[in-house]
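The two complexes that follow have chain A in common; it is paired with chain B in the first and with chain C in the second.
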Partner chain A sequence: MSPVDPASASASEPRRGSSLRIPLLHLRVGVMNELQYRANFAVQLLQTFVQVATGLIALALIFDHTTDLNGWTRPQLIVVLGMYNVVGGMIGFAIEPNMGRLMADVRLGTFDYVLTKPVDAQLLASAREFRLWRLTDVAVGIGVTIWGVVQLDDGLSLGRLVGFVAATTVGIVLVYCIWLVVTTGAFWIVRMDMVQDLFTGMYRAGQYPVTVYPAWLRLTMTYLVPVGFAVTVPAESLTGRLTWERVVLTVVFLVVALGVTRLVWRLGTKHYAGASA
Partner chain B sequence: MPSDAAVITTGLRKVFRVPVREAGLAAATRSLVRREHRDVVAVGGVDLRIEPGEVVGFLGPNGAGKTTTLKMLSGLLHPTSGTVRVLGHEPFRRERDYLRRMTLVMGNRNQLQWDLPALDSFELSRAIYRLPEDLFLRQRDELIDLLDLGALVDKPVRNLSLGERMKAEIANSLLHRPEILFLDEPTLGLDVTMQRRIRSFLADYNRRHGASVMLTTHYMADVEALCKRVIVIHHGAILFDGALTDLSEQFAAHKTLVVTLERPTDPSSWSRYGDVVASTPTRATLRVGREATAAVVASILSDHDVRDLTVEDPPIDEVIELAFASAEAPS
Partner chain C sequence: MTATDTVATTLADRPIDYEPTWRAYIRLYGTLMRTSIAQQFQYRTANYLYMIGMIAEPVVYLVVWQTIAEAQGGEVGGYTAGTFAAYYIVWTLVRNMNIVFTPFGWEERIREGQLSAQLVLPVHPIHYDLGSFAGWKVVVIALWLPIAGVLALVFRPTLDPTAGQIVAFAVAIWGAYLIRSLFLWLLGMLTFFTTRVTAIFEAYFAAELLLSGRLIPMALMPEWVQTLAMFLPFESTFGFPITALVGPITQEELVVGLLLQLFWIVVGAVAVRFAWRGAVKHYTAVSG
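Presenting the complex of A and B:
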């Protein structure tokens, strides 16, 4: 072998460490990046308040004419609106920036650097860009959710709260899965920007429970976007509307989505040929 | 064949399937419905063997197959056929043990965090390669020292010049002290001083750590300074593989003689020795057939009172051009 010195030999023996270390360091880098642009924080805060205010005004208008919307009461819909902001904030904080970066990397050929690192490429590509200020959506969304919950007639039990936290986590993971599968299309098609826009547009419809929409739209929103799983199911668990069938379906859907996402990712990276030859 | 070579490939081949269509709106519309493809052979059966510690210049015009070969060696592309082993691994499997021992640097593509100091990106690399802190600090500081980065690593990368950024990129790519370096035009677009700085660093790094280096570049000065061995690739096939000095032997049919005389002579008399490139009564630059060089030198020395005489191979980029031209010429 080459006269490689002992230091390099030890470099090839990895230190034991958690795979979470890399996403956490990227999060730190993301926070440091965003802290340089304080103006973004003000703009984001304004945007969040405008969004929440228009949502609440729309609800007020609806309940001027009726006392329930397809079985949903006003406080329950406030919970849905709050959850819509929480999940939207999480998407904007962690999912959307990473998917955007992935598409740009594939287009520019810098995805080469992801594939030549000795870490799981899917993990690296999914958790390296974070937009800190989008957490304002999460914070305001939590506030709105709590405000809705305290107005609920039947209050909130511990069971419902646990179910809610689990459902929210599962919902966000599902959104990530579907979004990554679609973004992985960039390995074949290269330009996928319009898909991102389509997602954002469809997600906007999630500020009302998916059950208020006609069947075809409800199915699209539940399984394709899947804002139904991410917003409506957590809201259902908080408001005591969640059924056991729904829980089982959600878990099955999660397992299938995780498996399919991994498979599509593997196929995509295998297909990837770089932007230049 | 002994398998302790850094790189071994046999019949390495990569064929891309690319869509084709004619120009114009009608053709563009037709291609929406029915796409036609054709196969493009980017690398057509390459045999390579690179020993540990070797620095090899990988040369060829644009589209010759250099980058495709580097991508197959670094695990980014699956070969269409043939075998490839780098440091005992099949690169396309992208085993972590392999990825920890190699690095890929592309001159025109950044991986440092744009808005943050390079030191923060170095920390990320440390986590990715799982380097223990003491080893990381030692290797980081050595690279900062060798690349003269001390004053630059704590400035945001966006405030660095292109050359300074490239130095930081190189340091970031070498923190885990790879045993093999794939460098794709690392000096692209840099000024002459910065090119020289990076060249001397790479030579130094290779000497210190015995790493193998495979370098593609369009700057012949890089090749002359770093590579004892060059591989010339053209249309996906190897045209030449050997010592840089042998490249001239094989492709340059001429040598250049520069003669300075003690006393003036009739400038028109130079043409009997060879093609006159430039001449004055006391000095001439001549192009002489390689085979005839010794005889011409002997007769100039006997005919004139010579103050100085040098015999040179043509510049290396001219030789490379001759090599490409010989490949294009009908046999």
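Presenting the complex of A and C:
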């Protein structure tokens, strides 16, 4: 165990403002843990590089045969590719590890330890595990995004940038909501790891703007696997094609998603019967 | 210690130069395949979700290239929206045939000593992988048919193979399976010599993605890439089986493609044989 034992933080009565302290503490422990395995950083860097290179080669092949993809030019698609890596990196850094841990906990019955702590269980279950090295995806993704933005003909305004940061944050929260709802299914069906496979598989479609896809796929990619919101909307914002309707729709969807997630979480934890302990 | 004793006595019961007969191999493969078919059908829901998740990748490629084909007046490099659909739908089956024992799995095999148990068996361990994965393929093909049906309804493929093409395809997907099994085994065996294998595997898979016809049909690649691919085994495991069914392909090209597969199977088998000898010498059992 590391010197900073997360359990000790919640041993006493919970204080106001402690809700943010616990995730931060877990983050620190996670970072310290990962810093022990520095070689993994090199491996992750290579993986990121290979992924970005393949994405760029795919784009080069596309633009060998055409000048635009459904109205999207090459620099705009580079922005989308960059954002795809940023969001993918955030998922790998914070969302995927926590959801994997949650699923394992439910299966093994060790979820008891989460429920018995005097902090909000959803918060604790969502911020326990962090994979530091996946942030290389985020860093490289930001680099690619900037490279794409620089090539845009019409430059960048402050408004676009603000919209972009807001849209990205909202998008990542949405991915978290939907992933948590799906993971909560583990309270009923126990074996949910294949759903995780399904989700990661579908996420790949985020490499291109969802507006390229036919309606049925576009709707799936927007509302079920919200890469539409997480990747396309921020990219739209940067490339100046974001409309007001889109912004309102995004905010409404965010509020609904947060509420539904909370509700499903409550139902799920009620349904949970400890397997051991 | 008793476990070791039992192994020792069983080995002692057999003549030292025990060589399994052909019939023993056929029985072994039959049993492995039957067991694995029964096992995998139990997890049909998990298998299904896995296969559906996998469909996102070709659908992305397909949609992008159909869009381009339509924007370019209906055709890109000889492919229409319909032939792209056929290419990427057949792709899904070929991709599934391409799933074999992962090179990443060797680390666990070595670390947990599973290999030690396999080493005392009279049959080369590769047969166990080949047999059980082949059984899984039977399940995969059965589960794939409805998926292909749905994809065909959505994307309207143009598919008009001759009888010869169908036969060649049926053979070629198993050839692809064998080639990929052998080459990934070869790659996985690097784990015996170094623990930093992830980087090598990633580079291999990236090369494979680009040079096999998985990302786009090889005909759409620049000339020099196509030439480079001719000297590598990747296309035999992916692009060739698909094109065998989807076309355009001549009778001669079919025969040449199948012979090329045979060539890669022989190369792979010989390489595995030699690499295995070296690898086992390097192997130190962790447990038993």
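One rule holds in what follows: the second predicted complex is superposed on the first by the 257 of 277 C-alpha atoms of A that agree within 3 Å, B and C clash if a C-alpha of one lies under 4 Å from a C-alpha of the other, contacts with A are read in each partner's own complex, and residues count from 1 in each chain.
Criterion: a residue touches a chain if its C-beta (ideal position, glycine included) is under 8 Å from a C-beta of that chain, and two chains touch if they have at least 3 such contacts.
All of these numbers come straight from a predicted model, not from anything done at the bench.
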For A:164, select first, second, both or neither according to whether it touches chain B, chain C, the two together, or no partner.
neither
Identify the partner contact of A:130: answer first if only chain B is touched, second if only chain C is, both if each is, neither if none is.
neither
Given the touch rule stated above, what does A:229 touch, chain B (first), chain C (second), both, or neither?
neither
Contacts of A:29 with chain B and chain C, given as first, second, both or neither
first
Can A:69 be said to touch chain B (first), chain C (second), both, or neither?
second
Please indicate which partner A:214 is in contact with in the superposed arrangement: first for chain B, second for chain C, both, or neither.
second
Could you tell me if A:93 is touching chain B, chain C, both of them or neither one (first, second, both, neither)?
neither
Looking at the overlay, what does A:61 touch: chain B (first), chain C (second), both, or neither?
second
Using the superposition on A, tell me which residues of chain A are in contact with chain B and, in the other complex, with chain C.
none
For the chain A and chain B complex, residues of the former touching the latter:
1-5, 7-8, 10-12, 14-17, 21-22, 25-26, 29, 32-33, 36, 108-110, 112-113, 115-119, 124, 270, 272-274, 276-277
Show me the residue ranges of chain B that touch chain A in the complex, using the header's touch definition.
4, 6, 16, 42, 52-53, 63, 65, 67-68, 71, 74-78, 94, 96-97, 99-104, 106, 109-111, 113, 115-116, 120, 123-124, 127-132, 135, 138-139, 176-177, 179, 208-212
In the complex, chain C residues that touch chain A:
45-46, 49-50, 52-57, 59-60, 63-64, 67-68, 71-72, 76-77, 154, 196, 198-199, 202-203, 206, 209-210, 215-216, 220-222
For chain A, which residues are in contact with chain C within the complex?
39, 42-43, 46-47, 50, 53-54, 57-58, 61-62, 64-66, 68-70, 191, 193-195, 197-205, 207-208, 212-214, 216-217
